[in-house]
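Structure below; questions to follow.
We just call them A, B, C, D, E and F in the order they show up, numbering each chain from 1.
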Amino acid sequence: DFMHALEEVKPAFGVSEEELATCIQNGIVSFSSGIENILQEGRLFIQQVRQSERTPLVSVLMHGPSGSGKTALAASIAMASEFPFVKLISPESMIGYTEASKVAAINKVFNDSYKSPLSVVVVDNIERLLDWVPIGPRFSNAVLQALMVLLRKQPPKGRRLLILATTTERSVLQQMDLLSCFDSDLPVPTVNTEEELAHVLKTTDAFSEAEVRGITQELEGLTGSNHVGVGIKRILTMIETARQDEDAPGRFVELTSKAIAQAGPRRVV
Amino acid sequence: DFMHALEEVKPAFGVSEEELATCIQNGIVSFSSGIENILQEGRLFIQQVRQSERTPLVSVLMHGPSGSGKTALAASIAMASEFPFVKLISPESMIGYTEASKVAAINKVFNDSYKSPLSVVVVDNIERLLDWVPIGPRFSNAVLQALMVLLRKQPPKGRRLLILATTTERSVLQQMDLLSCFDSDLPVPTVNTEEELAHVLKTTDAFSEAEVRGITQELEGLTGSNHVGVGIKRILTMIETARQDEDAPGRFVELTSKAIAQAGPRRVV
Amino acid sequence: DFMHALEEVKPAFGVSEEELATCIQNGIVSFSSGIENILQEGRLFIQQVRQSERTPLVSVLMHGPSGSGKTALAASIAMASEFPFVKLISPESMIGYTEASKVAAINKVFNDSYKSPLSVVVVDNIERLLDWVPIGPRFSNAVLQALMVLLRKQPPKGRRLLILATTTERSVLQQMDLLSCFDSDLPVPTVNTEEELAHVLKTTDAFSEAEVRGITQELEGLTGSNHVGVGIKRILTMIETARQDEDAPGRFVELTSKAIAQAGPRRVV
Amino acid sequence: DFMHALEEVKPAFGVSEEELATCIQNGIVSFSSGIENILQEGRLFIQQVRQSERTPLVSVLMHGPSGSGKTALAASIAMASEFPFVKLISPESMIGYTEASKVAAINKVFNDSYKSPLSVVVVDNIERLLDWVPIGPRFSNAVLQALMVLLRKQPPKGRRLLILATTTERSVLQQMDLLSCFDSDLPVPTVNTEEELAHVLKTTDAFSEAEVRGITQELEGLTGSNHVGVGIKRILTMIETARQDEDAPGRFVELTSKAIAQAGPRRVV
Amino acid sequence: DFMHALEEVKPAFGVSEEELATCIQNGIVSFSSGIENILQEGRLFIQQVRQSERTPLVSVLMHGPSGSGKTALAASIAMASEFPFVKLISPESMIGYTEASKVAAINKVFNDSYKSPLSVVVVDNIERLLDWVPIGPRFSNAVLQALMVLLRKQPPKGRRLLILATTTERSVLQQMDLLSCFDSDLPVPTVNTEEELAHVLKTTDAFSEAEVRGITQELEGLTGSNHVGVGIKRILTMIETARQDEDAPGRFVELTSKAIAQAGPRRVV
Amino acid sequence: DFMHALEEVKPAFGVSEEELATCIQNGIVSFSSGIENILQEGRLFIQQVRQSERTPLVSVLMHGPSGSGKTALAASIAMASEFPFVKLISPESMIGYTEASKVAAINKVFNDSYKSPLSVVVVDNIERLLDWVPIGPRFSNAVLQALMVLLRKQPPKGRRLLILATTTERSVLQQMDLLSCFDSDLPVPTVNTEEELAHVLKTTDAFSEAEVRGITQELEGLTGSNHVGVGIKRILTMIETARQDEDAPGRFVELTSKAIAQAGPRRVV
C-alpha cells in the first residue's frame, strides 16, 4: 500500500529513458534494408503527429515473430522523437496485477500523455498485456476493451499522440477486432538470409571471418535453402551459448539448425 | 472517490456541446446523396418526437463500417434538434468501469433525460459499451439487458425522448435480439465511388486538381472496379499520412489500394 | 441506501393503478375476434380463482411476438378483476439489480400477495427478467429457479392468487422447463389480415377512408398474400412515423412492407 | 437478520405436520393399484428402519412426471410412520438462498434428525433443490455433493433414518451418479386409463355419472387409445377450470385432450 | 466460529478409532480369496513403510464399484498397523466446506502426520473430496492439485507415511493424471459367484441353509451365468429389505436379480 | 497471519541447501551417458551466465516422464554452481495458495534473485505450479502469464540469472506458448535398457549379482525387447516394495513388467 502510494506520486511526465535504453541493450544491427525501412517509417509517423492538424492521434502496430527486435525498434523510434513525453507500457511492470489495476495503470499513462503537447506511448507485447493463452483461448477482455477505446480516443484539443504497439500475435489481434483500431501496421523482419546472418556474426566479433564463412556454408548445406527466419535476439543468444563450447562454430551451427527447423512454419517477411 | 463525488454533482441537464463538437472535428463532407438522406431522416425523427402524442419514445440505430462517420452524423442530428437535453453515452468516458457502474452511468443519463420535456440521448458505439469481442464470443450481458429495457421504457407522462445509437456490429446486435428493440435503423454509407473520393479529396485541399484526377484514374486501374468502400474517417487519415511522403499522391494511392482490398468483404451500402 | 429504505416502507398492498394504466396508453383496439377471446379467457380465470376451493393458485402465460400487445392485455385483465391486490413485476423497475436483489424483489411481491384474500400478480416480459440472451445462451438461473418455485407454490390457507405472465420467447421457456410450470398458456395474435389492418387504421383517424383503402390494396399487391403478422404496437408507431412524411400513406406502405417482410418467419397464430 | 435469528431458534425436533398436511390438500384418491403398492412399500421401509440393526439408514427415491402426486405420497408415508422426527426439505422454503446457505439448511435438517432415535426426512423436488436447468445444463454442484454424502452418511449409533426423496428428473439424477446413492427407487404412476380417469372424476363430484361416461367415451374416440398419462394434480386442476365454462364436460374433454397430447412422449409406467 | 475454534484445538495426533470402527460396522466377511489378498498386500505395505529407509512415503489406491467394501478394508488395514498416527480424511466431515477450507483441512491432516514417526492417512472417497460430477464434468481443481502434491511430498527426515486412498472412479482419476501419483493400486472385488453369495448369506444367518440353496439355484437360473458382480454392502442391505417381506427369499431373489442386471456393464475383477 | 509474518522476514538471500539436498535423497546414479551429458550441459550454462556480458539471463527447461529424476538433476546443477543465490520454487510450499499469492511468491523469488550478482532459480514442476489438469483443460492463467514475463525479464544491470525449470508436460507448455520462452530445453532420460537397469540394481545392493542377471534375463523374455522406459525414481521404489516379499526378485520382475507395459506409449529419448 505504501509502495502503491509511492508509485502514485512519481512524476507522470517526462521520458523513461533508462527503461527504454535497456530495451536496446545490444544496439540495433542494420542487417537488412527492412530494418532501415522501419526506422524511416517511424520518422514519418513522428513527423505526421508533429505537423498535421487533422490527425492528432496516430497508432502503429509493429509485429513479428518472437525475438525479432520489435521492442528495440519501437524504443528507438520513440526516443528519436525527442517528444517531451515518452512512456513504455509493459507487462514486466504489471506482474500479478488484477485486471482492474492493469486497466487503471494503462489508462493513467494515456491520461498523462494527454497533458503533454506531443507524446509517444509504447504499448509493448500486447498479447501479454491481454494475458493471452491459446488454450481456451483465454485473455483479459477488460484490458482488451480498454485498449480498443484508448487506441481511438482523440487527445484533447492541442495535444498530439503517437502510439507504438508491439505483438507476436497479429492474427489473434485480428480475430479480436483490435487490428482495425490501428491506423497502420509494420512487419518486423527476422534474419532471413545467410548474408544477413553473416552481417550479424561479423558485427558481434564472436567469430573470425573464416569461421563465419564456414558457418554460413555449412548452414546452406544443412538447410538446403537460403532462408533462416530466426529473430535477431535469438541469434545473439545462440552466439553466446556457442562460445562456451570448445568447438564454438560447430555448436553455433547445431543450435542455429535447430532454431531454423523450429522457425520453419512461422518464417515471416 | 473525491473524483466520483465531483462527477455526481455535475449538472445532469443541458447539452454537452463541447463533447458533441469534438465528434465532428473535421466537419461533415457531403460526398454523396446518402449523407443528405441520413440528415433528412434525422430531422423527421426529431419532428416526430416533438409533435406526436402517441410516440413519446423513438429509437434509431445508425450502423456502418468502422470510420464511416456514424458518430459525427448522430452528433450533428442531436445538436440540430435544439432540444434542452442532449447527452452522449460513450465508452470513452467509462474506461475501467465495472459492469455495475457502467449500467448505473447509462441508467443515470436516461433518468436525467426523463426530467426534460424533450431529449436526445446518443448511445455511441454499442458494441464497445457491451465489451463485445468475437472470440468466445464475450460481452457484458448486464449492459445488454439494461439497454434492452431502456430502449423500450416509456418516458413519464409529458416527456419525449429520441435515442440515437451507433454500431459497426449490426449483425451481432441482431443475434442478441437488440436490433428488434429499435424502431428504425439507418445504414451509414462509406465512400463508394471514385467520384465520391474525388469529392472528398477536393474538399480537403490536400492535392491539386490534376493530382486528384491522377489518383482516381490509377485507383480505377488498380481496383478494376469503381467500388471504394472505405470510411470517410480513414480516407481523411490516409490523406494526412500520404502528405508526409515526398510522393504524396503515390503514397495515397498505395494506402488506399490496401484499404480497399481489406474493406473488400465488408463493402456495405 | 436511503432510497432503498423508502422503497421498503412503501405500502405492499393495494393496486398499482398508475403503472398498469401506462401499459394501456393507447387503449385496446378490438381488431379481431382473437382479442375478444383473450379477454374472455381472462375473465374465466379470474372467476376460477374467486370461486374454486381446490385451485387457490392459477397461472397463465400470455405469449406472442414483440409488440403484439401482451402487456396491455395482461394489464387489462388484471385491472378488471377488481381484486384488492394487483401488482406488476417488470424488468423496467429492476435495471442494474443484482441477481440476488431481483429474486428478493420478485419474492417480495409474491409474499405480499399471500396476505390478500384475492390477488393478481403480472409477471411481465419473463425473458427480460431472466436476462435472457440467445448468444451462449445466457440467463439468470437464480431468477429462473425462483420463478419455477413461485409459479407452483400454494398460497397459504384462505388466500387465492392469479399469476399472469408475458413473454415473446415461449420456446425458450419450454427448453427451460418453465412452460410446464403454468396451468395454461394463451397466444396473443398480431394484426394478421388487411381487414384487421384497416380496422386499426380507421380507429386511429390518421388517414382518410380512401387512403386506408389505397394502403390495404397496395399492401395486398406488394405482399401477394393477406397475411400481415405485425404487432399492434409496431403498427401504431409506424402510423406516427409515416405522418411526419409529406406522402404519409406512401411512407406507411413502405414501412409496413418492410415490417411484414421481417415478421415473415415469425408470423404466429 | 432478525427473521433469520427467529428461524434459528425454532425447535429443530418434532414433526412439521402443518407443512406436510398442505402437501396432501386434496387427499389421496386410490385410482389404481399402483397407488396402493406405493403406500405398502412405504410401510415396509418404515418397518425396516424401525426393526433392522444392520440398516440404520434407508433411502428411497419416488419419481414420476410433473403433478403425478409424488410429494403427496411421500408426505403420507412420512406422517404414517409416527416417528418422533419428520421433516420436509423443500425448495419453497429456500427461495433466493445462496448455494452455501442451501447446503447449510439441508445439512441442519439431517443433523437434527441424527438426534432422534427414529426419523423421516422428505427431500422434495431434488431437481429444484439442485437449481437444475437443461440449458447448459446448469445446476448447483455444491448442493449435489452435499446430497451425495448425506444420502450415504450413517447416522450415529442408536439412531435410524428413512430418507424419502422426490423428483421428476430421474434420468438427470442418473447422469449425475445421484441415483446410485439411493437404496431403492419407486415409480409414481399417472392416471393411465379411461377407467382410472372415471374413478377420479367420480370422486370429485364435479360431473354427473352420465357426464363422466360421455367424457371417457369422447376421449377414447379422440385419443384412439386407452392411455391417458396425465398426473393426478393436473387432472384435478383441469376439472376446476372446466367447471367455469358453460359447457363444463366439453371444456374438460378439450383440456384433457391437449394434456394427453403433450404428455405423449413422457407417458411413464 | 466457536465451533471452528474447538475443532482447531482437538488433538492432532493419535488414532481416530471410533470413526474407523464405524467404517467396519458389519465386520469383514471373508467371502473370497481376493479379500484375503488385499489384507495381505496391506500388511506388506505397512511393513515397507516401517522398514525401508529409501521409501519413507508409500501411497496405495483401493478402487472398486460402489459398496464393494473399499472403506471397510482400508480402515481394517490402517487399524492393524498399530502406528501411533492413523487418521481418516472423509467427505462426511466436510459437508458445505469451501474449496479453500477443504484444502486446508486435508493439508492439516498431512502436516499432523509428519510429526509422527509412523503414520497412516486414509483418504476416503476421492471422487467426493473432489466434488466430481460427470455432467460437465465438474470438480474442484484446488482439491485435486493439493492431493497431487501431497501424494508425492516427502515427509521430513525420520518420518514415514502410508497413504491409503479409495475411489469408485479409477478411470476419472486416470484422466486427471492423479492415478500416476500413486505407487500402487489395488482392485477391490465384488461378490462374483453364487458360491461367494452363499458364503455371505450363511454368515448373516438371515436364511436357513435350504433357503440359501433355493436362492442361489434360482439366481443361477435367472441370470444364466455364475457372475453376480454386486458389492458386499448392497448385498447386506438387500438381505435386510427382503427380511421385511412375508416371502423373504423370494423378495431377495427379486432385488438381487435387479441389482445384477444394473451392475452388468460394471462387473469388475 | 503470524505464520505468514514469519515467512516474510525469513532471509531472502542465500542458498536453500537443505531443501535442495532432500531433492537428491538417493544420490545420482550414473546409469547412462545421457545423465552425464545433462550434468555437462548444466555446467556450460552456469559458465555462460558467469561469463557472458550479452546474456545476463539464461533459461533452461528440463523435461521427462514422471520420476525420471528431473528435480534431482536440476538441484544438482544448481548446487554445483556455487552462486550466492540458489532458490527452489516448488508447488509443495504453495499448497492451498490462491492464484494471487502464488504469483506473489514466485515474483518475490525472482525479485530477490535480482539483488544477487549471480543467481540460480529452480522452477520445479511447472505443470503443478500452473494447477494444470487435462480435463477441461484447466490451469491458472495468472501463474502462466507471470512465468511468461519472468522467464524473459532482463535482470537489472550487473545481475545475472540462470533459470532451471522442470516439467513432465512439455507438449502442454508448447500449446501454451510457454516453451518458446525458454532459451534451451534438455530431455531427461529414463532407464531404457536392461544394461542400464542392471547398473541401477547393482548400485542399490538389493540383489545378488545372480539375482540381477536372472531379473534382466526374465524381463528381456517378458518384454520381448530391450526397452524399459521407466523413471529412476520408480525403479528405486519398486526395489523396496519387492524386498518386502519372500520372493523379492520374482516380485520385482512382476512390478517392473507392469510398469514397462504402462510406460509403453510414453517411452521417451
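The rule is simple: contacts are C-beta pairs under 8 Å (C-beta built on N, C-alpha and C of every residue); 3 or more make two chains touch, one makes a residue touch a chain.
No experiment lies behind these values; they were computed from the predicted model shown.
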item: Chain E and chain C - chains in contact with each; value: D
item: Chains touching both chain C and chain D; value: none
item: Farthest-lying chain, centroid of Cα atoms versus that of chain B; value: E
item: Relative orientation of copies chain B and chain C, as a Cα rotation angle in degrees, nearest 5; value: 60
item: Between chain D and chain E, centroid-to-centroid distance (C-alpha), Å; value: 33
item: Intercentroid distance (Cα basis), chain F paired with chain B, Å; value: 57
item: Separation of chain C from chain F, taking each centre as the mean of its C-alpha atoms, in whole Å; value: 66
item: Residues of chain B touching at least two other chains; value: none
item: Contact graph of the chains (line, ring, star, complete, other); value: ring
item: Neighbour-by-neighbour ring order, given that chain D leads and chain E comes next; value: D, E, F, A, B, C
item: Contacting residues of chain C [partner chain D, same complex]; value: 44-45, 47-48, 51-52, 54-55, 58, 100, 103-104, 107, 137, 139, 141-142, 144-146, 148-150, 153-154, 157, 175-177, 180, 183-184
item: Chain C contact footprint on chain D (complex, rising order); value: 22, 25-26, 66, 91-92, 95-96, 98, 128, 131, 133-135, 138, 236-237, 239-241, 243-245
